[in-house]
Structure formats: C-alpha cells, structure tokens
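Just below sit the structures, each encoded as structure tokens.
What follows is subunit A paired twice: with subunit B in the first complex and subunit C in the second.
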Partner chain A sequence: MTEYLIRRTLQSVLILLLITVVTFILIHAAPGGPKQIYLSPNLSQAAAKVQEHNLGLDRPLPVQYVNWIGDLLRGDLGYTFKNHIPVGEIIWPTVGHTLVLMGAAWLLTLLIALPWGIYNSTSEYGLSDQTASFIAYIGFAMPTFWFGIILQELFALKWNLLPLSDMWTMGKEGQIGDLLLHLMLPVTVLTIGFLASYVKYARSSMLEVLDQDYIRTARAKGLGEGRVVFRHALRNALIPIITVLGLDLPVLVAGAALTENVFNWPGMGRLFVQMAVAREYSVLMAITLLTAVFVIVGNFVADLLYALVDPRVKLSRKGGAAA
Partner chain B sequence: MAEKLLEVRELTAGFHTERGFLRAVDRVSLSLEAGQTLCVVGESGSGKSVTSLAIMRLLDYSGGTIAGGEIRFRGVDLTELPQREVMRIRGNRLTMVFQDPISALNPVFTAGDQIAESLRVHKGMSPKAAWRKAVDMLRLVGIPDPEMRAGQYPHEMSGGMCQRVVIAMALACDPELIIADEPTTALDVTVQAQILELLQRLKRELRTSILLITHDMGVAAEMADRIAVMYAGAVVEEGTAAAIFERPRHPYTIGLLRSIPGTTGERGTELYTIKGGIPRIEQLPGGCRFHPRCPYAMENCAREEPPLLEAADGHRSACWLTDMPEVMT
Partner chain C sequence: MSPSTAPVRAAGERARADRRPPGLWQAGWRQFSRNRFAVAGLAIMAVFVIASLTARWIAPYDPTRIDMMFPNLPPGTGDHLLGTDELGRDIFSRLLYSSQVSLLVGFSVAIASVAIGTLIGAVSGYFGGWLDTCFMRLVDVMNAIPLLFLNILILAIFGSEFSYMILVMTFTGWMGVARLVRGTFLQLREMQYVEAARAIGVSDAGIIFRHLLRNASAPIIVNATLMVGYAILGESALSYLGLGVQVPQTSWGLMLSNAQEFMLVDPLQAVYPGLCILLVVLAVNFVGDGLRDAMDPRKQAAIARRGWGRWRRNSSKFGN
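Let's turn to the complex of A and B:
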C-alpha cells in the first residue's frame, strides 16, 4: 500500500511536469504573445526593449520556462502583466466559489440519479424509465447557456422569484440563505446536464449486475428484493459508476465556464474566459496546471475507491488498480 | 404411504415469447421421499434446469412462468403461494446449489458473510452467532482452516472450494431438500469426485434429501436412489436407480446408457451415439417426442404420444414398446 502510494505520487509528479512543458509551449505558440498585449504600440523601440528585458521576455523560451517552474516550486504563481497582482490572489477565491457551485450540482445529481437509475433498472421501459430517457435527450441536446438564459428570463425577470446572477446580493455576503437562493438557477442548469448521463449509467450498470448468477443465488437464499437490489446488486453496480465519477471530477473545477459566465458566478471558469480575453498568460497557465492537478487527483481517488468497493482490486506494486 | 417430501404433479412451465408460449417443461411429474436422492438426467435442453428453477419458484425472475400443475413440498403447493411466503421456505427449508460456483458467489462479500446472511435472515441469528455457525459450516464441508477462509473473498478460492462454500450456504439453515443443478459440471474431474463424495456424506449425516440435476449417467449411478430421465421437456422414464441401470425400458435411456464410454470394451470400437439432436421446443415432433431418433420407432409412434405407464413395480416408461427385449441393453 505504502509502496503503491509512493509510486503513484512519483508518477503524478512526472505527469504534472510534462503538462507544464506542454502548457508553456502551447501558450507561447499561440498568436499574439505576451509582448503584444503588454507593450503599447506608442512605446519607442528602446523603451520597449527595456520593458521586455525587465519582464524577462527577451530570454530564450527554455530559460523562461525554467524560471517559471522555479517560481512555481516556491509557490509563486507569478504576477498579472496588467496590474501586477499576484496570480494566487486572483485564483484561490475563484477555486472555492467554483467548488461550491459544482459541488452542489454534483451532490444533487448523485442524490437524484442513483436512486432513479436503480429504480429504472427494476422496471425497464416503464413510465419512469421513459421519462429519464426524455430528460436525457433534453439534457444532452440543450445548450447550457441557452437554458440558463431561459431560466433567468422566467424565474428572475418575469416572476421575480430568484436572483438573476452573482453569488451574493450586495450587502448580504456570507449569508447562507442568500447563497442558496443564488445557487438555485445555476445548479438547476448544471444538474439537468449531468443528470441525464448519470441516470443512464446507474440504470445500465444495475441491469448488467441484476443479470448475474450471484443475484440468482441471492434470490435462492430467500432474500427479499430490497436486500437483493441494495445489498447484493448495488455494490457491484457502483464499480463502473466510480469510473465515470473519477473521470468527471476535473469538471468540478473547470467545466462550468459557460454556466459561470451566464450567471456571473465568480468562479474559475469565468476567470479563465476573462483572462483568456485579456491574454494574462500567467493566470491561464496557473488555471491549466490546477486543472491538471485535479485530473490526477481525481483518478487517484477513483482508484482508491475501487479498492474500497471491490475486493478483487488490489492496490499493487504494478502501478494502477489491477483487477 | 408416507407423505412425500416433494411431489411435482403435471408441472408445465416455460417462457412467453413473441411466437407464443415455449413449453420448456411439459407435464412433468416427480416425487421424492425424505432422505432420498432423486437424479433428474437428461441432455442440455431437456428442461431439467427449468424444472429446478420452477420448483424453487425462481422462474419468475428469469422471465419464465409456471403454466400449470402442482409443486407440493411437504403437502403445501408452492405454486399457490405468493413470493413473500415462498421466500420463507426458499433458502431455508428448500435450498439450491448452482452449476458454476465461482459466478454463483457474490464477488464483493466474504464467504463467511454470504453463509451468515442466510442464517441471519431465516433464523434471526445475531451477526456474531451467524458468523460462528458459518465457520462451522465451512468446517463441515471439509474446508481446511475455516476461520481464515470465512474471511476470504470468492476470487481468493479455487472452483472446488467455492462449490464447497455454495454447499455450505445451502446447508446452513438445515434444509429438508437441496436441489443441486449440475453441481460438478464446471469442476475438474478429481474435484468432481470430491464434491459428490461430500454430498453423499452430508446426505448420510444430515439426512437431507437431494434433487440432483445432471447430464452425466455416471454421476447418477453413484448418487441416485431414484432416477428420472427427461427428454425434450418431458419425463420419459422413471424408476429406482437399480431398475434403470439393470433393465432400462425407454429406448432413449437405453441409448444414453450405451453411449457412456466404457473402459472394458475393445479398443478401436466406435462409441455409440444417439443419432440426431434434441428437437427445439417450438418444433417438437407429433406423437412420441423421441420417435424421429428412435431405432425401434413404429408407425404408431408418430401419431400418438405414449403415456408414462407403469412397466414394473415403481418403474414407469413412456414408450409403446412395453416388452423391450432384454437383449437390447
């Protein structure tokens, strides 16, 4: 176990390092590099050179990369070009805001999707199952920003029931009730989007398990359907669902750019779009890196959960979770 | 006459499909007295497994239905009971051992857990007491170091060991009848012998009755008090093991016995086979269902279905040829 953790951590560090290289190259290869955004066209040639030199932009790319990594290791994410604010100061609050929004949407999704999917697996093609399919089509087909705008139009503008956007009403910052009201619309938009696939996963995973020999054995033992479904089938059905959860975990941090923009939610997604427009490279790289960390951590957590649910999975010396 | 432990009368069961009802089991009658072993023998597709699932009332969960007949267990007709009441008998007084032991055990629970569960559900035992009894059951079925094995998962055990666990599970509540559906088919030959021996010993020691489903005449010879031979969904011959082996009446049974590879015959002689294959349920021939493959078929056989008639004391056969000459065996 300890050996597994160490190996896994080393692998993660290596992957992260590779990601930093790729990120750095991509950002610098993009048209309209940092020079153009920072250096005003009115600046004289000589003044521009001085500026470039001060910012370190005249040095070769590998050197710039090593400097950046060095700062990163000391916890220094760099400064924005524009107002020279530390990047960390900008990013950290948005991470929290995004986690609140996405966490709420995700929790709600799982709370609805798992029971619903399980129920549908026991009554295939019933009314409830058909309804889930219908919602799935809508959820997949409907652009989230459009759905968000429709909800704003109805619930905020027309009926005046819920706040239009933002995270808090001005002057009420920190009040839970106010936060919950603001969460309603964006969480609805996100949940409808997630719900579709999770109900389907839960249903198909359960259906497959309910067909297994050991379920027949459980029935032959004279167990009630409740025990058969929730004790014998569910634990086996959770295994593939965990895979999907692990893969979706990064969405928690990065995936809600559109929804955050529509509802003016001060999270990472919105920040990323703003900073991309402003060509704030240090912020963009920091967000990309952070997302990468979440992906790696997500997979790691999924592997640990596997071992928890499925005794056949041993966290072995040979890298990942092996069945 | 003493009350029969299990009495199946005219059981008809099968599956509803788009093309109508598929009659996998056709008016099958079986009976079993306490302390005895009845072997139901037949090829795959003969309806043996559907019969066993019907008796357990598990057919409903496999998409099948019981279309007629009675299944009397200690006089109570199981077909009349709602599932809620069957559950109190199933896994308790009437239990089942399945063909493939590895897939029959739930991979995410330990062996001890799965045995203890029956005891907790049916006998209301505390978790601790149930676990202790589960360990005792593992010892009873001959698993070495049962305390350790009880804490293991199915994937940590061999197929033979898993089958012992399944048998321990079936025996835990001290049932009156165990239905074993091809309990040795998925196992290695040496392990097969061990499992059969175990079943024999348990039957002697615990006086449990066994309904053994098998395609293997050799297994039946070793285990059975009585034998019922099934062909294409119906019982074609039924009698004591001795009678069936010494003086089989039905041409199908005779064919089955002749096609057992022997060790005494001359080398190089061709193994006897019954020509053709078992008919599909939806294409059963008229008259006797065996007549297209029967070497003794007569004109009458294609027209009229022979009833299961008493040929000798307690020995019944469904064949028009009532005086099967001895020489044919």
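Let's turn to the complex of A and C:
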C-alpha cells in the first residue's frame, strides 16, 4: 500500500509538473510571445527594455520557467495586466462560489441518482428505467446552456417564480434563503446534465454485482430481497461509482463554467471566460493550473479510495490509466 | 410472391454459390437498418446535411442582411418563416447558414481528431515502451485540464478564427480515441495472425495498418460518429461564450447568445437554435449507437430485442 501511495503521488506530481510546462509553452508560443502579452504596446523602446528586464522576460526560457514555478510555490500567482491586481485576490473568492454551485449540484445528483439507479437495477426495462435512458439521451445531446436559457425564460421571465441570474439579490448578500432561490435554476441545469450518467453507472454497476454467485448464495440461503440488495450488492456496487466520481471532476468543473455564464454566477468559470475575452493571461494560467490541481487531487483520492475499499485492485498496476 | 423479388433472390443465390458469407459492411448494414432509432437518426442527419449544402439556394434571405425596419418579427410574418431577430435578420436563413458551420466543425473535428488519436493510439499500443509512456502521460496531462478550459485558453492566446477553432478542438479531442485504440491494439497484438504476419516478414507499418487497424475499425468508426456530436456541442458552447465563430458569420451557439440578450422581447428566438443542436446531436448519437450494435459481431444474438428495450440497452452502453 505504501509503495502504491508513493508511486501514485509521484505520478500526480509529475503530471502537474508537465501541465505547468504545457501552460508555460502555450503562453510562450502565442504570437509575439509573452512580451506581446505583458508589455503595453504604447511603451517607448527604452521603457519596454526596462520593463522587460524588470519582469525577467529577457532571461533564458528555462530560467524564466524556474522563476515562475518558484513564484507559484510561494503562492504568488502573478498580477493582472490591466490594473496590476494580484491574481490570487481575483481568483480565490470565485473558487468558493463555484464550489457552492458544484457541490449543491453534485450532492443533489448523488441523492437522486443512487437510489434511482439501484431501483432501476432491480426492475430492468421498467418504466422508470426507460425514463432514465430517455433522460440520458436528451441530456447527452442537449446544450446545457440552452437548457439554462429556456429555464430562465420560463421560471424567471414568464412565471416570475425564481431570480433570473446572479448569486444574490442586491442588498440581500449573505442570506441563505436568497442564495437557495438563486441556486435553484443553475443546480437544476447541472443536475439534469449529470443525473443520467450517474443513474446509468449505478444501475450497471448494481447489475454486474447482482449477477455474481455470492448474491445467488445469499438468495439461496433465504435472505430477504432488501437485505440482498442493500447489504450484499450495494457495498460492492459502490466501488466503481467512486472512481467515476473522481474521473468526472473535469466534466463537472467545465459544465459549471457554461452554467455560470448563463446565470451570471460569479464563479471561476465565468471569470475564466471574462479573462479570456480580456486576454488576461496570468489569470487564465492560474485558473488552468488550479483546475488541474483540483482534477488531479480528485483522481488521486478516487484511486486511493478504490484501492482502500477493493482489495482486488492490483496495487502494482503500471501506468496511471485507470482500467 | 411478386415478380419484383426474383432478381433479389437470384442475387442472393449467386452470393451463396460463391460461398462467401456477408462481409462486415453488408452484415452491418443489414443490422443497422433494423434499428429504427439509428435509421431515424440517419434520416435527420441527411435532412440537415442537405439543408446546409443547399442553404445558398433555399434560404429566403441573406443571413447577414440587416433590416432595422422589421426587428423581432414574430414567426410567420410575411416571408419570414420564423420571424426576424433584433437586427431584422431572417431567423430561418440564419439557422440554415448556421448548420453549415456546425456540421463543418462537427465532421472535420471528428475526422481529424480520430485520425490523430488512431495514429497515436496505434503507435503506442503496438510498440509500447517509452513511446507508449510518453504518449499516455501526454493524454493524462491533457485530460487533467477540463476540455472547455483548454479550448478557451488556446483560443484566447491565438485568437478566435474559424480555422483555429477546428484546429484547437482537434488538438484537444484526440485523447479518447487514442486510449481506445491503444487498448484494442494491446489486445490484438498478441493474436496469432499478428505473429503469423510477422513471421512471413510483414513490416510493422503493414501489420499496423493492414492487419490491426482493420480489426479495430469498428470501435473507431463508432467513436468518430459520437465525436461529431461532441464537436457540434463544443462549437456551440465556444460560440455562445463569444470565443468561437465571430460576427458576421453565424452559428447556432452565437444565435443563442444573441437570443439570451433579447429574451424579454422575443423568448422564441432562443428556442430554435437550441432545438437544432439537440436534434443534430441526438441524430448523430443514434447513428453511432446503431453502428456500434451493427458492427460488433459479438452482439449478433441480440437482434431479437426491439424498440424501447433496444433503446434502453443501447443507452446503457453509452459513453463508456
């Protein structure tokens, strides 16, 4: 186990390091390079030289890279180009907002999807099962942002039931009730998007387990169906779902980004798009790295949990490719 | 028995006389055409493809023609089948021209990324070793950044041009196929026919392209079909965010972001482009699922199950 832990940690760190290299190269591959990005075109040639030197852009690339990594490790994410605000100051509040939105959607999805999937596995091809596959097909083909717009038109504009967008009503910042009202529509959009696949995972994972010999044994020795499903099958069926949860993190983050833009939710995804339009590269790089860390930690934890709960997992497996 | 079936039977007997079992494609088509959803998907796809190819002739108006005298007309006013948008542009014509963009992006991204993914997957699956390690680490790296973020980042750096968008989406879309092909190749390269081919001196390239790739073609084609849907969704998302297709070109995503601004005035404008995306992607996915069932020889036994049961079974394999 310790060996696995060490190997997996090293692997995560390596990938993270590679991601920093890729982002660094991307910025330096931009037309005109970082000089174009960090230096104002209005500067005189002499001033530009000074500025270039101050920012360290005249040093060789490897040195610049090492300096950048050093800054990152010290928690210094750089400054915005326009107003020279520390990037961290802009990013950290939005991270919290995104986590609120994502967390709510994720929790709701699990609360609905797990029982639904389990139920569907016990009544294959029933009405509820078919409804789930119908939602799956629609959910996979529907642009989430379109669904968001339609919900806005119906619930906010036509029936005037829920707030149209944003996180708080003006003057009501910090009130939980107001936040919950604002969460309703975006969480619905995200949940519909995730729901289908989780119901499907829960169902197929349960079906696989229900097919096993030890379930037949349990039934044969006269256990009630409820006990068989919940005590014997469910525990093992949950194992693959854990992995899926970890692997789905990037999808969750990206899905939240679109939804945030539709509902003007002040999260990381909306900030990312705004900064992309404004070409604030330091913020873009910081958010990219942050989401990458998030995803890698998520996968790491999922793998670890998997190895913990399932003794059959070969701990010496080569490479990071999960199954 | 009507006389018209006679030539068909004759052809069938001739085929039997040749003692040739139906090939992959023939058997596949037979099975594909039995799947109602797949055929419906194919029909919808055909309608959209034809509409986009003939947009120049069937669109009643120039999609970019601004007519400030008649903004936000409701559907069915005058010759405006679906009304006009906030600048008086004909919505139906814009939908038609948008389908060109979406389908072009969808197909070119799917083909290009599947080609790259197949090549990388094939090379790393067949040769293994450090090459495999390098490619798979690259896949890990790319997978650790949400695709949408990566697309936005690159488009922000290099600028939002149409050709860039296709390149960028290709660059960020090949990983799934690469993993799939690598996995298949890892299994297939241990087969005896590979050993036999090597024994008679077939080169590595020959083994990869002539022997292994053919046997791995079914999942690759299915994946390519599904990629079309993903690419169309991705394009619409990028355009909606203002980083994809730029004015004066139009795309469904761009139309949606316009419609959102004017949804107080005319809520219906937001419905059409979204419905188009939904229909096309749904159709592509149906076709992909139909192909998956049709081209998998192990699934032959399952033909008997029809209709909803079949749909359900398809969807349970979706997205693996």
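Definition applied: the second predicted complex is superposed on the first by the 258 of 323 C-alpha atoms of A that agree within 3 Å, B and C clash if a C-alpha of one lies under 4 Å from a C-alpha of the other, contacts with A are read in each partner's own complex, and residues count from 1 in each chain.
Definition applied: a residue touches a chain if its C-beta (ideal position, glycine included) is under 8 Å from a C-beta of that chain, and two chains touch if they have at least 3 such contacts.
What you see is a predicted model, and the numbers here were worked out from it, not measured in a lab.
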item	value
Fit or clash - subunit C, subunit B, common subunit A	fit
Which superposed partner A:Arg235 touches (first subunit B, second subunit C, both, neither)	first
Which of subunit B and subunit C A:Gln51 touches, first, second, both or neither	neither
Subunit A residues touched by each partner, larger count belonging to subunit B or subunit C	C
Inter-chain angle, subunit B to subunit C through the CA centre of subunit A, in degrees rounded to a multiple of 10	80
Which superposed partner A:Ala276 touches (first subunit B, second subunit C, both, neither)	second
Which superposed partner A:Tyr125 touches (first subunit B, second subunit C, both, neither)	second
Touching partner for A:Arg203 - first (subunit B), second (subunit C), both, neither	second
First, second, both or neither for A:Ala30, with subunit B first and subunit C second	second
CA minimum distance (subunit B, subunit C), superposed complexes, angstrom	10
Contact set on subunit B toward subunit A in their complex	56, 58, 61-62, 86-92, 95-96, 98, 100, 103-110, 117-118, 121-122, 153, 155, 166, 169
Residues on subunit C engaged by subunit A in the complex (per definition of touch)	133, 136-138, 140-141, 143-150, 152-159, 179, 229, 233, 236-237, 240-243, 253, 256, 259-260, 263-264, 267, 270-271, 273-274, 277-278, 281-282, 285, 308-309, 311-312, 315-316, 318-319
Sites on subunit A touched by subunit B in the complex	212-214, 216-224, 227, 232, 235-236, 309-312
Touch list for subunit A against partner subunit C, complex	14-16, 18-19, 22-23, 26-27, 29-31, 125, 129-130, 133, 136-138, 140-143, 145-147, 149-150, 152-153, 157-158, 197, 200, 203-204, 250-251, 253-254, 257-258, 261-262, 272-273, 275-277, 279, 281, 284, 287-288, 291-292, 295-296, 299, 319-321
